[in-house]
């Protein structure tokens, strides 16, 4: 698996920047859909364990340099006062920053709930040449 | 949410043991499908973070007393020697024990890859009156 | 794979009814977590395709006799009037009935959003000897 | 939701092509992780229902013009000759083509298992100005 040219499969007129934004899009799409529906409570240890678990997981994917995940505690309903008193992860509770480096291009992208759009927006905050 | 009788919805001739095995079945089905496809590498810190994350999550579900998750390291291909050198969680790598208590019934159930069945079997190891 | 005794792994004092409720619990847990976060719009063809897809999938699991899935149209926000105008499947939109037969035991179970519990309850509606 | 400028959140120096490849990356990451672990058998009606379901779902996402999903029948083990005789969707069985249009940019991207990489590669096959 060491001496392949993965780039053979890609359109030859794709720039490194275009490739880098493609790669980070994949990671955000993956992270979001892995998180959807994951049971959670407002207990801080529970939240932190879940955050660390998914950060570690997404960090395994190609070109990822860092993953920071925040499940917004104030939006989690449920502290296990009864058996049914817990919640699930969904778009409005997710705040994440992923950084990748593809060749000389560094991209910082985020998932964030945008109140006025009522939408968990995925966007590129920064793209730069290293 | 404190004074409902959730049992209204259930068939009245269901025993507590039958209800308890139903409840633990839900947890195993949930855990298995949340895990499927989660990126992972053979790095021990990565494995442990992912295990702890899902243990914390499933522990939020009704009647769960404990969750122990083991992603079998020897079956994980990939230590990030290259960008593509990582793996995903799938049935043959999952070993989990969940314990629930529903009323006076305690149930211990497992997910385990059974080599001769080539199947990630979910089974009830023990059921007892407390 | 034809001549195994899968029951070896199960606690010997488990009744067929207890085993049957365990099995249907697995299916509901699986179905629910496969559905969580799936993009959807209020277009009837879209809804129906998604329903049929998951019905077909869960029908492959052990002992399943039928699966009926209804994603509740009135709760889906978004008809693609703009790019962001769509929704995701989550607990309050899911209504499902699964029927299994394990040996001589037939079980009918449901997932249904219960307004007063504010919870997507999974429950056994009927269990009977065939 | 009609008069927002979603682009406010994006880095101002991002080209339309870079934005378009980001958007299609999100869709591939989402599709792949929604599919992972979905129960399936080699029955053609089952396969087709699942394919149609996920095509309909991903088609709801922003800028998507078409989605074509093929779960490779020859790689599916299991035709329900016994209760355990079925399979799950995983990377080596997925073949998908997604087309998006963002402003004047059209992108065609694929998920395909690459035998020599032993990897479900996501790649951009074509990017063009309309």
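By written order: A, B, C and D. Residues from 1 in each chain.
Following the convention adopted for this analysis, a contact is a pair of C-beta atoms (placed from the backbone, for glycine too) under 8 Å apart; a residue touches a chain by one contact, two chains touch by 3 or more.
Remember, predicted model here, so these are calculated numbers, not experimental data.
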item: Higher-contact pair (C-beta pairs counted), A-C versus C-D; value: C-D
item: Copies chain A and chain B touch via same or different residues, half shared test; value: same
item: Farthest-lying chain, centroid of Cα atoms versus that of chain A; value: C
item: Gap in Å, rounded to a whole number, between the CA centres of chain C and chain A; value: 28
item: Gap in Å, rounded to a whole number, between the CA centres of chain D and chain C; value: 24
item: Sequence positions of chain A contacting 2 or more other chains; value: 1, 6, 30, 32-34, 37, 84, 117
item: List of chain C residues in touch with chain A within their complex; value: 32-33, 35-37, 84, 88, 90-91, 117, 119
item: Contact footprint of chain D on chain A as seen in their complex; value: 1, 4, 6, 9-11, 13-15, 17-19, 21-34, 109, 112, 114, 116-118, 121-127
item: Residue numbers on chain A that touch chain B, as the complex places them; value: 1-2, 6, 30, 34, 37-41, 45-46, 49-63, 78, 80-86
